[in-house]
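Two complexes follow with chain A in common, the first pairing it with chain B and the second with chain C.
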Partner chain A sequence: MKGYKLLCDNQAQDRWADYYLTTAKGLGERFGMLGRAAVRDAIRMFAQLQGQHRRDFLVEHGYKPHLANLFGLGGPLPCGDRCIKEWIRVSPQEVFVNVAQCPYALRWNAAGEPEVGKMFCEEYYPAYVHQAASEKAQINTGRELVNEGDTYCRLSVYLRPANLPEKQRGELFDEFDPSMGLPQKEACPPQPVDYNQWILELHTCFVTCAQQRLGQEGLEWTETLSRPFLAENNMNNLSMGR
Partner chain B sequence: MNRLEEIKLENLQDSWVIMYTFIAQELFDRGGFQGEIALREAVRRYGRDRGLTNRQRLIDNNIKINLETLFHEGRDRPGEPRFLSKVIRSTREERISDTLICSFADVWKKYNAKHLGRIYCEEFHIECYKAFGFGQTKVNLSRSMTQDGDDRCFFYHTYRPENLTDEQRRLSFEEYDPGYVKPSTPMPKPEGKSGFNMLWIKMYFYLLEAAVEQLGETGRMLVANGLRHGAVEQAKVFLEQARATEREVDQIYLVDHLPLNLDIDGEPLWETYDKHGAKQLLRDCFYKVLFQEVGYEGI
Partner chain C sequence: MNRIDQVATQNLQDCWSIVYKNLAKSILQVRGKDGEVVIRRANHLCGEKMGQMERENYLKEGKLANLQTYFTTPVSRCIDPRFRIQWQLFNEQEAVFDVITCPIYDYLLKTGAKDLMISFCEEYHHGCIMAYTKGVGQCTFSENFVYMGENSCRFGCYYRPSNAKAEDRPASFSGERAQEAPRPEAYIPCENPQKAFALWGEMLLTSYMQEITARYGEAAICALSEGLKAAAHETIAYLKQRTISLRKPLDEAFLAEHTFWGTQFANQFDLPEEVAKLIEINYCRTLKADLARYQ
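Our next item is the complex of A and B:
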């Protein structure tokens, strides 16, 4: 994992970050607190979707979805050269990482909207790791580049076998899985990230959550906010298949 | 407050951390994996108890539940002179602070028990603050002095109205409670002796309860051992401290420096926490050993 970056379509990544910002901000401005509530719902839903994709990918390739594997290439952190990280500790039970530069934060801060970006960071990482690994994982984001005065993001994540139900221990850790043979020697293959697909998936989450929280007006406003991005990406007629 | 008054508060604070350390050590070293499960569960229950008790206390006093009140009116741990933190932001929705001196961590370092402190830090804050905030406080402790390589603790908590139900929002933020009038008199601050006494008994009780649930009689025996070792160490600390301040460890000294009520039967908290034989075990394994070690004959 260290010293190696997952290739990334930077333009698509920026479009996705802009799409999030425009829609989240638009819902908040029009519907106030309830609009922001819909945004947070949507982020959590989106994070659960991505977390489940990550878990499925690891399991399909024969890897336990513990923290060291989870945070490998294709994990929750942004991909690409513009995401500059300092890995402090990486083990099945602990991941400590500083992010010195984040492509999402660059975009959101440049737009003068760190607070909208902060909603994403607050909701995304806990929901993602809870879905991908276990709801018993502890996700601490102590510094954030979208937080005024902070110069890096800090994630400290813990996944303790002693806090897990017995079944999950075996699913997550080799030493608790009696069927486990020799540990894998090869690193898990990278899991590509498709930010065009992310726009579609986030759009689905926004639409679903806006409708639930805000009714028809919320749904229509979300569609209005989304339309230019969907058109720009020429993805209106693409299916959600992955 | 003069230096002798400060020493009293320091001892009152250290006492319950010493007790935690020695019981936790038994559970962790001799209780195996089940011991660690019990230890983490105990810290969570302790955190939840404090969070829920605090939340109810504030609601009963017509004070809103949010991050500002959590760290002001909701603070149940008495202050003590060594603790030093830098508060970077303190609003109802966000609390950012760095702890630079932590007397808990110093006790754990002294007894080569940072790993036991690590468990406390991982479990306590999340559970306590979440319980206080209707399960919706996001607690981030991303660096801590109990973690190798870290020289300070980074706390960053958020509590967002968007994540609350209508009723929780009303109880948390004035603008969602039309007609709300703040109480005109401030809530009393936690007292040193009674505040640390409460922490001591709750922490001990949950260690015992979780140990018995996970390990049965073995768990009880491990807690008993921890109490005895903790009592010996507590006596040593008192004797050294008393000598340094040219005093004796007599009844007055114990009343001032030990959080627990010297008359164990006169402690009202046992009405709630005397389960699993907690009071008798404490009498046999802590009080008797401590009193014997310091040469106090009891009241």
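Our next item is the complex of A and C:
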């Protein structure tokens, strides 16, 4: 069995976490609840986008988008050595994982904004898994590093074939797919994560949702908040010869 | 330690657990693995009915239908005092807590049916909170002591004004931001425990009837009849033990106080005739016949 490692650009990851925090906080502070509603919409939209990328990646490589594959390298959890995970149960139907240290939470807690961070975790994981696997999955983030008193995040995800329509069972689980041969021996290759690209994608989501909820003023404010990050992104991309 | 006046509520909860266990078991026996589809859907539906009803109760009383109200002042629900809960976050928008002891789990574990707990917990609570919040809340259930290595269940319920529809916000929230609220009492006495458990039992049964009929047709209801009979047998045997510890005789009076359907079904919630008959013929009459044998 091949052993894979997913390379992670920590600096870009931090920049992305800062970008999220600045924009989400800025929208909330200026527009109150409506601003926060736009932020939540944007997170869900971003999560659906990433979930769809993940699903497409797995299907392209001949893997079922069930939970065990979904949470492989390049899945929804932050990448890199700073994300310390303790896997408790990993199977096509269940994934239980404790995250003892999360690079996003480190950043958000250090900025004294756990509440803004919490919005991300609350909305991101359910929307991601619903898009990548099935809307019948249950996603539970019971403990969160951004909750006062919690010392780790606990993510428990369930996807029960009994809750799925017959057709979806075959799409998601080997044992319900008559065309499936022997189970794959090789682990799925890692899906690279590009946090510079994430900034652009999240920006698009923020802009779209801010405009929908808050109109022109929301759009302009989002652009103002995003400008320094996008400028930095462009410089990085140029210096990397993209 | 629980008080003597809480014993009837505990027995009612156990009688409910017995009904759940036997309905689910019977479906699995008759329908095999495919029966899990019905069990999960019915558990979810039962939760939806309860969540919907509680929301309506609060709105009728002029209370805000948020998480704080849901956990502090149950109306249609009766909470067994054996539930031990450790609260972490509690306010109108967030209810995050650990369940340290759960009488339903304890009963199923004791009688070798703990696997039935997973499909109940995963579906029922989710159904409750989703219906209660009109589909915009979250009920996350991240740890479950059914699994080895876990010693509590962790629930996280969220209901955010920013995710609710504008027209629903005034009925649910006192403001945009929620202040931490005093934790709910460890024991919330219920006015009429029997009525509450009867309602819950009937919600469960009607949900199972709906789902099993939808999947397998009307004839499949016989699995529920068998489940109800088995539940009645188990209830009598269980309550016999309880009468010994309470030093009371097992008689009609005891059953009237410690079971929610008793030996004669009173259709207090106007169930359709076929459901009332199903309970009367299979549960109440079996209970009565068994009682005669035990006396």
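Here is the rule we use: the second predicted complex is superposed on the first by the 229 of 242 C-alpha atoms of A that agree within 3 Å, B and C clash if a C-alpha of one lies under 4 Å from a C-alpha of the other, contacts with A are read in each partner's own complex, and residues count from 1 in each chain.
In the analysis below, a residue touches a chain if its C-beta (ideal position, glycine included) is under 8 Å from a C-beta of that chain, and two chains touch if they have at least 3 such contacts.
These figures come from a predicted structure and were not determined experimentally.
**Q** Is the arrangement of chain B and chain C around the shared chain A a clash or a fit after superposition?
**A** clash
**Q** Name the contact category of A:A162: first (chain B only), second (chain C only), both, or neither.
**A** Touch status of A:A162: both partners.
**Q** Which holds for A:R154: it touches chain B only (first), chain C only (second), both, or neither?
**A** Touch partners of A:R154: chain B and chain C.
**Q** If we overlay the two complexes on their shared chain A, which of chain B and chain C does A:M33 touch? Say first, second, both or neither.
**A** both
**Q** After superposition on the shared chain, which partner residues are touched by A:R227: those of chain B (first), chain C (second), both, or neither?
**A** A:R227 sits against neither chain B nor chain C.
**Q** Identify the residues of chain A that lie in both the chain B contact region and the chain C contact region.
**A** The overlap between the chain B and chain C interfaces on chain A comprises residues 33-34, 36-37, 39-40, 88, 96, 122, 126, 138-143, 147, 149, 154-156, 158, 160, 162-163.
**Q** Under the stated contact criterion, what part of chain B meets chain A in this complex?
**A** Chain B reaches chain A through residues 33, 36-37, 39-40, 88, 96, 122, 126, 138-143, 147, 149, 154-156, 158, 160-163.
**Q** Write out the stretch or stretches of chain A touching chain C in their complex.
**A** Those in contact with chain C are residues 32-34, 36-37, 39-40, 88-89, 96, 122, 126, 138-143, 147-150, 154-156, 158, 160, 162-163.
**Q** In the complex, go through chain C and note every residue touching chain A.
**A** 36-37, 39-41, 88-89, 96, 119, 122, 126, 138, 140-144, 147, 149, 154-156, 158, 160-163, 176
**Q** For the complex, which residues does chain A have touching chain B?
**A** Within the complex, chain A touches chain B at residues 33-34, 36-37, 39-40, 88, 96, 122, 126, 138-144, 147, 149, 154-156, 158, 160-163.
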